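Structures incoming, each one as structure tokens.
Common to both upcoming complexes is chain A, partnered first by chain B, then by chain C.
This part shows the complex of A and B:
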């Protein structure tokens, strides 16, 4: 029962914590209350820069069902014990399974991994937070349903609930995950359980098909927030189309990014190209399977000369567009002609699909897998690019306009260069928006380099915000700073909601910069 | 409509998720907590022993293969057999890497791979039993 390193939740006396631990054990069993440092090792900070000492949990709780979550939350309220909720804990580069701050108790929902329902007619699913994409994929395969998932890059080992609640994205036409979420079951801080949308109606058959329910729509309050613990979530699944054509378009000039986005925008808005398109820079496209030192071994940012050699030797463009067409073969042929005409107009693009695209040196194979919802972790190869396993995702949002790209790209390259890091980036074109996703890769085994990465990330946030670009999501080390860029009036509303729904501040304090 | 699907896709290593499930009102849960203060943990504990472990090959397929299969090469090859004299050292290395992460590899906690499953996986890896799985063969 004793801990080898006694870490206590902030503001909680040791006797009170012991009393809470005892009640936790009564509720979920001793084997589901972890307090030994060896057991808690997987819940410590991983890829993100920051002090290790700032992210050590005091305990971890592993409930098996929502009723146990209700009881655990009531105990936390009684003893003012702060908990940090995770599901699969694979939010890599955003905080993973570690708490938001030292002393918090991890509420680990991974054991709650029931697939409650998959309806092949209305193409919906109702699942618990611990369900992984791989698990749901296997289930659908075994049932023989013609349904696709939309995994993010960590796919198999991550899960739909956690990713959707963090407003993550994927690469099929269902890529904006929160847009395809429908209905939640939520345990509130006081232990009460609610169901959103149509879920409050007993015997409703429309919980997973009609998002809005009646009255204020509140599902969004439980994303990127700390107002409740989501214990079930509905999502929509894409019916497998009769035909699918992934394709690759390469451009060779750094300046071409503006043309690419302007050509893409109308194709995306009109849904000629219905999926989340990625425009991948050379270093990202190479970095999933090439090691940096093959081309450059310096500590500073990789020079232009080496980037040109990579392009030449690996068959990769400066910008590599991965997108796909979906529908009947006839629809695809028509839309392909439109794509060819649109991108072919300037004469700069190399447009390809099938064998020709497969033979290029970039990531066509894994991109083609992700754009049809298959499990694929090839993108983890990026962690080997520089080596050392440090990674933080910097992802400002802008309009999908070519005029928004040149300054952003140059600003990112300038700041990354100042700190000696590489521009490993892609633009993801949503429907009308664009995420400029940059993976700040560094050697986390090197304290000096880790500190540089930390300073670099902080400067990126501030400098992009000054120019009107805010982040769509960030890691636990920088949540406070990013919340600040969105202004005090919004933060005041977030705080008011927190005080109303969680007056003791026990749920994930600090998530998205929200506290009492 | 809230019947819980209980099949092998609920891959929890702790068999408690196979409890017949019924949604309880908050009041009912409170009552349960009050009246069965001892019964609840006992029930949980007894069910916890009914663990449903995944076979090493299944754990490898679900978790490891996506990076460590030869055609992925995101992580190093881990399925080659080791000489028996090195099993303890190699086993400790795998165990620590799985639980604490290393370089590009994330950690995997007990809720994802149970202790028993991890030990089975280590044993199968050391003996080279998963060598075929790594090249995509059944």
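This part shows the complex of A and C:
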């Protein structure tokens, strides 16, 4: 199979596209306008169950600064060229660096990677979209600041701006990333630049400390959206606590999930346990370092018998709770007693920290690192579990109540089982909410299996929505479907905003199901 | 495993040949005519990598063995550096992701127990076979070596049967340029 024909943006004549490319080159230099197949190839690699042919960019633009972004957007408006914005392009399992649809021009902001300011007194940072967690971490270490980051699992290579704008989560007490965002600089579709919050005040010193500014608060409009291109973002950093105690609690019975969540909820709401707690199922905990076919090579879901063998061999539980305490040593000792008492009441939990936890199987070491903001790439091991490069994150949100877990877990396992996939999942317990994160892993090189994965994901969306569970985030293949589950009135508002802010529809058409 | 004429035709792989051919021969070329092409960084830590390096060398490239593939190390390499090798699923995910805006994917290979799936962004995989010797990894190295110097463009995918192997191990190969 060969593909050599030229890809053009939808509705743009070849001559117009050539004219736009010429202006792009004048603006950012020829070396920053990519059009060759082998240069664009990395932007065509994704893990979701979509057709390769549906996600091929016509070009990629790599600006160095916000002024160049303004000029590029003006050119796109003139020629009606649609652009798809990425920051570091590491939204793996959600569409990666690929465009939302074939023909869109990738606006790749990874070269805009300046750390503009880190203030160790008020614990804030102002950064550009191309800054990675590793880069910011290294900067903080080099400066000797006692500040922590809150990286997601693919931490080192992803960036705070992109993750926050997609409303991603991490594992420290600052785990709800958008909650700890403060101030943006945004290039609008007409090329104008705005600063949100206090940023509109010239020489303001409070842009990164006071979120709300004056008048309507609009930062949220630029998350999971296509209303502007964020070129700078402020975020709050966690001061390094005097002491830190990561711990592991294992439960062995599938039914125990309800108890775990009910015990956790009051501890989370009262901030005894202040971080985003993960409750990891056996297959996720093992999947980061174990290959599936070691235990089962069938095409159907891995059977219970194999799961029990994994638990036995790896020393992991059916549910593995990773959480941490932060504060002074005295605070930690007091809170540890509360945790032990709460989880120890039923006699089902095995509660561990320190060497005992380290010696257990599973992911304690890398989870302990993530919960203190350290970088690692251990979770990439999940891609070796089944192999074939297919991965889609299905993540419905619910209340943090035990009663919400049993039906969800059973429903997910039933639908995944119907299509022959494994329940590789974890619950992340936020302050009051809970994300049920399932990695639908499949062999993307097998067209039949890919189609099954597609159908499975679509059914998961619909069936969970019927029961009141909506997704907090999804991949580009399913953005339209997920947007539909939130109802037409909301979609109409999104469309009205799109028409007002981007009348030519040039910014990331289709993002979160939003178009003109 | 032998390829039948029908299989070859199905894979757009037959250009006048009539004899059944193995992949080893399918990707072979004449080493004597190989031009000197310069260094290439080679990743992997087993026999497959050694054989891949042999094939690259036969095409005039000078492999420098770096051992186990760490995609994050790529960022330290100078622009223009060629790299090839074998890695696992997570390595390929990281590699292709890290190359966005930073480099070129010239070719990728997925080598299953029963088939090879090759993807080139440098024109068709056309180097046809006259020799029935050597391993498939060395043949792959020769083909990757040829792609390094080819002026071809466009995305081309090809699937080939793989000789039965007792190992039954999936291997993933890559050829990239920073």
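Going forward, the second predicted complex is superposed on the first by the 510 of 516 C-alpha atoms of A that agree within 3 Å, B and C clash if a C-alpha of one lies under 4 Å from a C-alpha of the other, contacts with A are read in each partner's own complex, and residues count from 1 in each chain.
Criterion: a residue touches a chain if its C-beta (ideal position, glycine included) is under 8 Å from a C-beta of that chain, and two chains touch if they have at least 3 such contacts.
Everything numeric here is computed off the predicted structure, so don't read it as measured data.
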Combined model on chain A where chain B meets chain C, clash or fit: clash
Chain B versus chain C as contact partner of A:90, first or second or both or neither: both
Touching partner for A:36 - first (chain B), second (chain C), both, neither: second
Touching partner for A:108 - first (chain B), second (chain C), both, neither: both
Partner chain in contact with A:339 - chain B first, chain C second, else both or neither: neither
First, second, both or neither for A:205, with chain B first and chain C second: first
Comparing the two partners chain B and chain C, which touches a greater set of residues in chain A: B
Partner chain(s) touched by A:273 [first = chain B, second = chain C, both, neither]: neither
Shared chain A surface residues [contacts with chain B and with chain C]: 34, 38-39, 41-43, 47, 60, 62, 89-90, 92, 96-97, 108, 110-111, 156-157, 377, 380-381, 383-384, 387-389, 445
Interface residues, chain C side, partner chain A - complex: 72, 88-90, 92-94, 96-106, 110, 112, 117, 121-122, 124, 153-158, 170, 177
Chain A to chain B touching residues, read off their complex: 25-32, 34, 38-39, 41-44, 46-47, 60, 62, 64-65, 67, 70-71, 74, 88-90, 92, 96-97, 108, 110-117, 130, 132, 134-136, 138-139, 142, 155-157, 191-193, 203-205, 207, 289, 375-378, 380-381, 383-384, 387-389, 445
Residues of chain B touching chain A in the complex: 1-7, 9-12, 14, 16-17, 19, 21, 24, 26, 29, 32-33, 37-38, 40-41, 44-45, 48, 62-63, 66-67, 72-75, 99-112
In the complex, chain A residues that touch chain C: 1-4, 34, 36-39, 41-43, 45, 47, 60, 62, 86, 89-90, 92, 96-97, 108, 110-111, 156-157, 377, 380-384, 387-389, 445
